[in-house]
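For clarity, chains are labelled A, B and C in written order, and residue numbers in each chain start from 1.
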Amino acid sequence: MKSKKQSYYQALLFLSPTLIIFITFILIPVGFSFYLSFHKWNMFSSERTFVGVSNYVQMFQEEDFWRVLKNTFIFTVGAVPLNMALSLFVAQGLNRKLAGKKFLRTLFFTPVIISPVAAALIWRWIYDPNQGLLNHALGFFGVDPINWLRDPNWAMTALIIMGVWKTFGINMVLYSAALQGIPKSYLEAAVIDGAGPWTRFWRITFPLLSPTTFFIMVMSLISSFQVFDLVYILTSGGPLGATKVLVFYIYENAFKYFNMGYASAAAYILFGILTVLTLLQVKFLKTTMYEAV
Amino acid sequence: MNSLTTQHKKVIRHGLRVVDHVLFYTLALLTVAPFVWMILTSFKDMSEIFVYPPKWLPSRLHFENYERAFQAAPFGRYYLNSLFVAFSVTLGQLITCSMAAYAFARMKFPGRDLLFYIFLGTMMIPFHVTMIPSFIILHTLGWIDHYQALIVPGLASAFGTFLLRQFFLTIPKELEEAASLDGAGRFRILWQIIIPLAKPALATLAIFTFMGVFNDFIWALVVINSEEMRTVQLGLAIFRDRHVTEWELLMAGSVTATLPILIVFFSAQKYFIKGIALSGLKE
Amino acid sequence: MKISRWVTLLSMSILIMVGSCGNSENEAPQSDVVTITFWHSFVSSTVPALEKLIDRFHAEHPGIRIKAQYIPTGDALIQKLITSVQSNTAPDISWVHADYLGDLVEAKAIYKMDRFIQGPQGLSEEELRDIYPALLTYASWQDTLYSMPMEATNMALLYNKQLFREAGLDPEQPPKTWEEMYDYAKKLSTDLDGDGRFDRVGMFIPIFAAAGPMSGWMTWQWLPYLWQAGGYLVEKDQSKVLFNSDAGVAALTLWKKIFEELNLSTFTTDYDIAFSSGFVGMSMDGPWALPRFNKIFSHLDWAFAPLPAGPEKQATVAGGEYLTVFKQSAHPDEAWTFIKWIIQPQIQAFWAMESGYLPMRKSAQDYPEFKQYLEENRNFKIFVESMDHAQAQRKIDFYPLQINQYLAEAIEAATLGEQDPRTILDKAAEKSNKLLAKARSSAKQRASE
C-alpha cells in the first residue's frame, strides 16, 4: 500500500500541467473579473474606482437586465431539450444498420464545423421573408410567409432552430460514442425476455447512457446560457430586444459602453445561476441515475 | 401458416428499414442544406446569389471566386498558422486533459471534488469578461503576437478534463487493479490501459478542440497583430464589414476553411465507432 | 495513435514554434528608416487603392515606412485598441470612430491635434478652413481637435430608373421633397403576384436591431431627416437632447408612414440584394458603395440623387474615418507627416478617385483631373456636391453610444411597434437626459476636486 502522502504527490504530478495553465490563464482572469465586478473601470485607463456592490444593485434595478435574463431562459428551455432529444434520436438511428452511416454522420456534423459567422449569415438569408429559402419551401405547403427575424414572436423561435441546428452534431457525436459502448449482450438478453424496442431503450440503453447524458446536459446548459455569436450575427438582439440574451448584454456593456465592472457583475450573476442549476442536476442525477457523477 | 407470418414479419421489417432510411436521409439532407447552399454560392457570380425565387445552381462554376478570395490576403500563410495552432492545442490538450481527468477519476486526494467543481465553475464565466485580464497576462509574458499566445492558454481545458473524466469513470477498475498487481505504475496504467480504452473519447475531444481552435476569431483577434501571424478566421473577416458582405468571396473562403475539418472528421470516425465495450458499467 | 508518434509530433511542433519566434525577432528594421504602424478597417475592395496611396507616400518619403494593418471593422477595432493601450503596444496611427474619442482622451491615449497643427510642420488657418467643418466637429471632443478626417462620406438617394419608368415616373426627376418621396414610394410599390403583399417596394427604410452593430448606421441615416425638418440632436450646451422635438416627430412619422404603408416589416433587411433583383425603387447609401454597386448592379439602370429636402431645408449627414496619433507612438512627428501628407488637396483628389471616398477638403475639387473624373462619374459627383449641405450631428461628449442606442431603440420601436413616435421619442429623450445630467454632475464634481 502506498502512503497517503505519496498518492497525493502523484495526483499533483498528474494535475500539474493542467493546473499551471489553468491557474495562469483561467483562474486568475476569472478571479480578476470578480474583483472588477466591485469596481468601475472603462478599460482604457489604469484607474479603477471601488464601488462596492453597486454594480449588482444597479443591475437588479435595470429593466433591461430582467428582460435579457428572461430571454436567456426562454432560449435555454427551448434549445436544450430539443437539442438533446434530436441528438439522441440521430445517434440512436445511426447506431442501427443504416446504409452509408459514416457519410450520414458526417452530414449531421457539418453544421458544427461551419464558422459561426458564415453559418449565421446563411441562416439570415434562409429566414429572409421574401427571398428566403424557408418561406419559399413553406409556400409549397400553403403556409403564409412568416417574418422570421422581424416579428418579435418568431425571432426567438428562429434563433432556437438555428442554435439547435448548429450544435446538435456535437451531442450526437458524444451519444454515438456512448452508444457504441453498450454491450450487445444486454440488449440481446432483453430481446429474449420479450422486451420491445421502446422498453429496451428506456430500461437498458437510456440508463446506461447516464454519464453521457449528465455531461451533455451540463454542457448544453452552460453553452445555451452563454449563447452569443449566433445571436450577434443573426438577429443582433432584435427585433425590439426580443432576442437580447445575457452574454449579449455583457458584451454590450463591456465593449460598447466600456463598463467592465458592470459587465463582470453580470457575468457573476450568470455564474451564480449556472452553479445552482448544475448543482441541482448533480443532486437530481445522483438519486436517479447510475454513477453518473 | 407459420411461414406466412415470418414472411409478413420480413416484409414489415423491410418496410421499416426503408422508412428508416428515408427518414434519416431526409433529416440529413435538411441538416446539410445550408452548407450545400454555401458551397454553391461560392461558385456563383455576385449578381446571381440573391434572386427570387431562390436559385440553387450557379449558371456556371465561377472558380475565380476562390482565386480572388485567396488573392485578397496571404491565405496560404493563414492556413499554415491555423493548422499549426489547432494541431498543437489539440495534441497538448489530449495529454494534459487525460492526465488531469485520470487524477480526478481515479486518484484519491484531499480537496479533489472541490478542485473539480472549481474547474467546472470557471466554464460558467463568459469569455468576454476574462479576455482583457488574460491579454494582460500574456502581454506580461511577452507572448503577444507569437504562437504561444494562441497555443498555451488552450492547453488546459475544463471541458476536456470533464469529458475525459466522465469516460474514464465508466472503465471498470478491475482492469487497472490487475495491472497494478503486476507492478505497473500510474503512468503505465494510464498509457497502456486507460488511453487505449478511451480512444472514442479522445477522438471526440480531438475533433472538438481542433474545430474550436480553428474557428476561433475573437481571441486570435486580440493577441495577433502582424500579418504573418494571422489565422484563417481573421483573414475571412476582410470580406465583411458594417455595410458590405462580399458573399461569394466569404463563402469561398469559408468552404475552404471547413473542408479540412470535414475530412478529418470523416476519416477519424472509426475511432468513435470501434468503441469501448464497457462504458456505463461500473458496479 | 501511437504515443511515440505523438511525442515526435509534439517536439517537432515545439521546434517550429521556437524557430518561428526567433525569426520574428531577427527582423530588425533598417536603422535610418522609421516605421509607422497604421491600423485601419478598409474593406478588401478598397485595399488596392490604399496600397497605391502608401506607395506614393513611400516614393516621396524614403525615410518613413507605413505599415498598414487591417483590423476587422467596428467592435473588433475597439477591442484591439483597448488591449493595445492597456499593454503599451498601441499603433502609431489608428482609425477611431468619433464616438470613442472621449474614452481615448480620458485615458490620455491620444495626442491633441494642436501639438502638430501648431508645430513646425503645421497647418495654416486657411488650410483648416478648407476642411469641411462638419468633419472637424466629429473629429473633436469637448471642442478640442483630437483627430483628422482621412476622407469624407455622406448619404444620397439611390433609385432604380427602370422601375420609375414602369410606374410612369420620370427617371430623370427623382423626388425633391418629402411629399414627392412618399408619393413615389407608394407609386413604385407593386404586388406582382396578387397575394396582397408588395413584392416590389417603392422605398427601403433601414430599420435594424437597435442593440446590434447596425444601430449606429440606422440613426446615422435618420439624422438628415431630423435636420431637414429643422431639428437638432441635442442642445448646443448638451443639457438635453432635442430629437423629441416636433421636427423629430415629423421625421420619425415619415419613416413610420413609409415603413407601414409599404409593409416593410415583411421585407428583407439586405436591401442591396433586393435592389439588385429589381425589388426596390429607392433607398439610401454612401459613396463607398459605388465601386461595388457598379459591379453588382451592372444589369440595372440606376442612379444616385441628392436626398430630398424636408419642410425646412436640404441636408445630408457627413462622416468619414478619423486618424488619431497615439501617445505610445515612438515617432509621433513622422506619424503626423503621413497624416499631413494625406490631407493635401492633390492627394485627397488622388485618393478619392482611387477609393471612391470623397475628399475631405473643398479645394480638392479644383484639380482638372478631378473635375474631369466628376464629369465621367455622375453618381460620384452627386455625393461630392452633396457635401455642400452635409451637416455634422452636434457632438455629445459623454455617453454618446448609450444615447445613440436610446434613439435607435425609439426608431425601431416606432416602426416595428404600435406606439406613436412622440411617446416613444419622449421616453428615449427622458432616458438620455438622465445620462446627460449625470455627466454634468460628475464633470462638476471633477472640477471642484
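To be clear about the criterion, a residue touches a chain if its C-beta (ideal position, glycine included) is under 8 Å from a C-beta of that chain, and two chains touch if they have at least 3 such contacts.
What you see is a predicted model; the values in this text were computed from it and never measured.
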- Message: Can you give me the shortest step count from subunit A to subunit B, moving only between touching chains?
- Response: 1
- Message: With centres defined by CA atoms only, which chain is the most remote from subunit A?
- Response: C
- CA centre of subunit A versus CA centre of subunit B: separation in Å? 15
- State, to the nearest whole Å, the distance from the C-alpha centre of subunit A to the C-alpha centre of subunit C. 36
- Item | Shared interface positions of subunit C, touching two or more other chains | 79, 82, 86, 213-214, 270, 273-274, 277, 279
- Message: Residues touching two or more other chains, restricted to subunit A: which are they?
- Response: 43, 125, 130-132, 255
- Message: Show the residues in subunit B shared as contacts by 2 or more other chains, in ascending order.
- Response: 50-52, 95, 131-132, 237
- Message: Can you tell me which positions in subunit C touch subunit B when the two form their complex?
- Response: 1, 3, 6, 9-10, 13, 16-17, 20-21, 24, 41, 43-45, 47, 69-70, 72-74, 76, 79-80, 82-84, 86-87, 89, 213-214, 217, 270, 273-274, 276-277, 279, 285-286, 288-289, 292, 295-296, 298-299
- Note on the structure: Touching subunit C in the complex, subunit B uses residues 46-47, 49-52, 72-73, 84, 87-88, 91-92, 94-95, 131-132, 135-136, 139, 144-148, 151, 191, 195, 199, 202, 218, 221-222, 225-229, 234, 237-239, 241-244, 246, 249, 271
- So in the complex, which bits of subunit B are touching subunit A? 17, 20-21, 23-25, 27-29, 31-35, 37-38, 50-54, 95-97, 99-100, 102-103, 107-110, 112, 115, 118-126, 128-134, 137, 152-153, 155-156, 158-159, 161-163, 166-167, 169-170, 186, 190, 200-201, 203-204, 207-208, 211, 215, 217, 233, 236-237, 240, 245, 247, 250-251, 254, 257-258, 261-262, 265-266, 269, 272-282
- Which bits of subunit C are touching subunit A when the two form their complex? 75, 78-79, 82, 85-86, 103-104, 106-109, 197, 199, 208-215, 265-270, 273-274, 277, 279, 399, 401-402, 405, 409, 412-413, 416-417
- Using the touch definition up top, name the residues of subunit A that touch subunit B in the complex. 7-8, 10-12, 14-15, 17-22, 24-30, 32-33, 36, 43, 90, 93-94, 96-99, 102-119, 121-123, 125-126, 130-133, 136, 165, 170, 173-174, 176-178, 180-183, 207-212, 214-215, 218-219, 222, 225-226, 228, 247, 250-251, 254-255, 260, 263-264, 267-268, 270-271, 274-275, 278, 290-291
